[in-house]
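Shared between the two complexes below is chain A, which pairs with chain B and chain C, respectively.
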Partner chain A sequence: MGGAEGVKLLDEEGRRLDGRALNELRKCRIEAGVLKNANGSAYIELGRNKILVAVYGPREVHPRHEALPDRMLLRCKYSMLPFSVPDRKNPAPSRREVELSKVIREALEPAIFLEEYPRTTVDVYIEVIEADGSTRVASITAASVALADAGIPMRDLVAGVSVGKIEGKLAIDINGIEDQYGEGDMPIAMMPRLGEITLIQADGRFTRDEVVQALQMAREAIAKLYEEQKRALKEKYSRILEEVEGGEVVR
Partner chain B sequence: MPIRVSNGQVVVPGELVAEGRCEVLGPHFSSGRRHYAKVLSVAVVEKPRRVRLIPLKRSYVPVEGDVVIGKVVDIGPTSWVIDINSPYMALLQVSEVFPRPTTLQRDLSKILKVGDVVIAKVLSFDFAHDPLLTIKESKLGKVSKGLLVEIPPSRVSRIIGRKGQVVNYLRDVLGVELVVGRNGRVLVVGEDSEREAVAAYVIKRLCEEAYVPDPLAAAKQLVEEALSSRGDVSGRG
Partner chain C sequence: MSERVHTVVPAPRREAILSMLKRGERVDGRRADEYREVRVETGVVGNAEGSARVSIGHTKVIAGVKASPGSPFPDAPDKGIQIVYAELIPMASPIFEPGPPDENDVELARVVDRGLRSSSTVKLEELALVPGKHVWRIYIDIYPIDHDGNLIDASGLAAVAALLTSKIPKVSVSSNGSLVMEEERVPLPIGDAPVFVTIAKIGDTLVVDPCYEEELVMDARITFAIDREGNVCAIQKGGRGSFSADEVVKALDLALALAPELRSKLPPFPQ
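Now for the complex of A and B:
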């Protein structure tokens, strides 16, 4: 134990490589409506992660036979740009990207009122511009903002965070190095208001108590991310509102 | 306090809008006695116990009887496929164009070709079938001149205004004819291309803002601004 291959991930004071405490999120900034040509969009910076999400739809399904008679189809495409990682990534969709597209779709689906627009589709394109660990959960956080920005009817937003295990201790929002040399990684996504989990995966070994503790840590971090999501959406449109009304709300 | 939002507040999907006995208008859903916003919208508190949610973005869903402005995108053996700026493609059948039965040999592209713009009315629509259109009514049919302005479908009601006030105002002051399609397309037809441009500009500007409390006043101001600045330009030229 203690960091595989002798890599020290915690210092004497229990701080992580980037100086964070175990339950500290990286700096997170979300911006809504950054693209003009998409129906909805969002950009997230979580530490050194940079992810852009574009949402198109609801629109007609192509190919036609994929359309569902009673509900909307949700399609996600997660892809990493060739320069998003230190060694050039082949632009062809890898096994990992195909799988992440699927889990992200399944994490977003429960939040959407799919029955509102039958026989249509909503396409979510996620482009990872720079990756530094926990990109799948950051993508989910940004994608739900982009969906809301596109005017898709939803029960709640979805936010995600990963809990990792480094040197035997649980740490929230792990970065690339901690993911690589740590002992475990557990991405969790939730609908913050409802408190329901829409994604939970785990890689590595976690005891029963650790899972319970990880969920609690994730819940707290997700509440913070939820605030940032709301801020991003409201700021985008409140700014416009203030310009119209000269800064005051009319009675 | 049953209403949990302030007037003019932006609400995100899933945000609590009101609790208990109160009226919530616009896209929302309820769980027990709590009412939540369904889409990103602006909350307008109309009465102490009534709140209206105005969606910031919404795609057009056809409703029977709506007048829409469509573009021909494809021609089938007995119908035209019309893009009505909605997730659903509309069909305009030959029987809704000709009064009498016709033969299959008839070349439909001679009547409406791909790219033509039509003003049509929604005959029928349910989510299981694509909307059907008709042009068998006065003031409907192919468009031969004018400016087509595209606006977000969620902002159409603003262009119409209360009881058509905004449309009527623009018509009177600019001397242009306006056809507002419910699907977010506005056709401006005027004698003078300058006036057409002013009308199009005012419509575009009115739609830029997320929420305009008094569209008529805003329209008046925009028209005055536009006319005076144009006057300057022509004065100099």
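Now for the complex of A and C:
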């Protein structure tokens, strides 16, 4: 781990391999409403990560016995496309993808008024087109925009960031190399307006104080992602408005 | 992909549990920060390299370690391989169904795996037999046999106890490069060892070591794996609810306070 394997993740000035400061996010761009067939969709680029999310529903549950009498059934599938990583990934769901689909679903559920739509389902399909670290949290950031784009009533959006530990220091939004050679990874997702944590995981080693500090760093980074989420949603509607005012028929 | 297991607590029962918690009482009479009685028994399966049966209250889990020589992964040619598998078998609870592992089985195994890896419980770098060719593969298989809540902590404890008491054959390499298993057995190389502590959030209350009925009504849970020095070496949040940052830190402090007591139930480190 870490310096032991001879990969230097911080230079003398404390800059990371891609030139970022420890508390600096990679460039992030989100677009809402990018697919025709889905009820809602979003695309996110976070550094070299490229992720598409489609939302279908609320719709009837198939198979029917899975329907819940008191709330909506949220289903979530996170997958990495075979060419999204350096060595081809087998398209069959891996155990990692099975677990991430579960924790991503549980990160989104607190934000949705599930009880307003009993006996229905909403399906969230996440396809990682290109991966470079922190894909689960980037997926959550995009998925909540796609849910909002689908018009699903929500308490708040959900945005996520990972806090890594590289050469003994906490770093926000770690990329693939930092994940591979760093000393730890703590993905965190929050409802930014409500300040509630909907996902937290960690591997590596963190002291108590580092956990406290990571939560604070995540909160600051998530506030920035929240602005980009809102910008993406507003842009979609201003696009529609322009089309309407331009005299085009909008269906 | 979806929640397979839906179990509903009758509304009056749920309300009773919540109003009891407001008075500081839990369904089984415990305080919020009180763990159930923990028992750890090792060496329960003669054919396994190491094994343990753990009970936390009525929850029972059995874990076994098997080791066999195999090829290394190409990206880690000089390291042994650790494989954690967990299966929620129908014997343990009416809510578990037969069939291939679903997301709950996979999550349980992966959380335990992360805690073990992050604390170097098994020193994989000491398990190469012929670097690049032959390494030990260490299989840790976890089977809950009676489910009354908090399977993560019980599984973690069982896995660690089984590893701490595992003995693998001594191996020598013959002149033609083949492996020779000797009669003599040696303990697994052990680095640190985590204990797992799970805290459930029910309404506004945090309770440690939730029993099954508490898990049914909880909003969310959070698990911390804590190493010998009190570092956090894995975290996992689960469930449909959320935690404030303060609640996460409070839960962590509860976990840190309970970790030594749980650790005292583990067998001694080898040597």
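In this text, the second predicted complex is superposed on the first by the 238 of 251 C-alpha atoms of A that agree within 3 Å, B and C clash if a C-alpha of one lies under 4 Å from a C-alpha of the other, contacts with A are read in each partner's own complex, and residues count from 1 in each chain.
Definition applied: a contact is a pair of C-beta atoms (placed from the backbone, for glycine too) under 8 Å apart; a residue touches a chain by one contact, two chains touch by 3 or more.
Because the structure is a prediction, the values reported are computed rather than measured.
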With the two complexes superposed on chain A, say which partner A:103 touches: chain B (first), chain C (second), both, or neither.
second
First (chain B), second (chain C), both or neither: which does A:186 touch?
second
Touching A:198, do we find chain B (first), chain C (second), both, or neither?
second
Tell me the contact category for A:117 with respect to chain B and chain C: first, second, both or neither.
first
Looking at the overlay, does A:39 come into contact with chain B only (first), chain C only (second), both, or neither?
first
Going by the contact rule set out at the top, does A:152 touch chain B (first), chain C (second), both, or neither?
first
Between chain B (first) and chain C (second), which, if any, makes contact with A:229: first, second, both or neither?
first
Let me test your reading of the model: by the given contact rule, A:211 touches which partner, first (chain B), second (chain C), both or neither?
second
Could you give the residue numbers on chain A that contact chain B in one complex and chain C in the other?
69, 191, 194
Going by the contact rule set out above, which residues of chain A touch chain C in the complex?
66, 68-70, 73-77, 95-96, 98-99, 101-103, 106, 109-110, 114, 121, 184, 186, 191, 194-208, 210-212, 215-216, 219
Residue ranges of chain A in contact with chain B within the complex
39-40, 57-60, 69, 111, 113, 117-120, 148-157, 191, 193-194, 229-230, 233-234, 237-238, 240-241, 243-245, 249-251
Show me the residue ranges of chain C that touch chain A in the complex, using the header's touch definition.
1-3, 6, 8, 102-104, 106-107, 109-110, 114, 117-119, 220, 222, 227, 230-245, 248-249, 252-253, 256
Which bits of chain B are touching chain A when the two form their complex?
6-8, 10, 12-15, 27, 29, 36, 38-40, 42, 55-59, 61, 87-89, 127-128, 154, 208-213
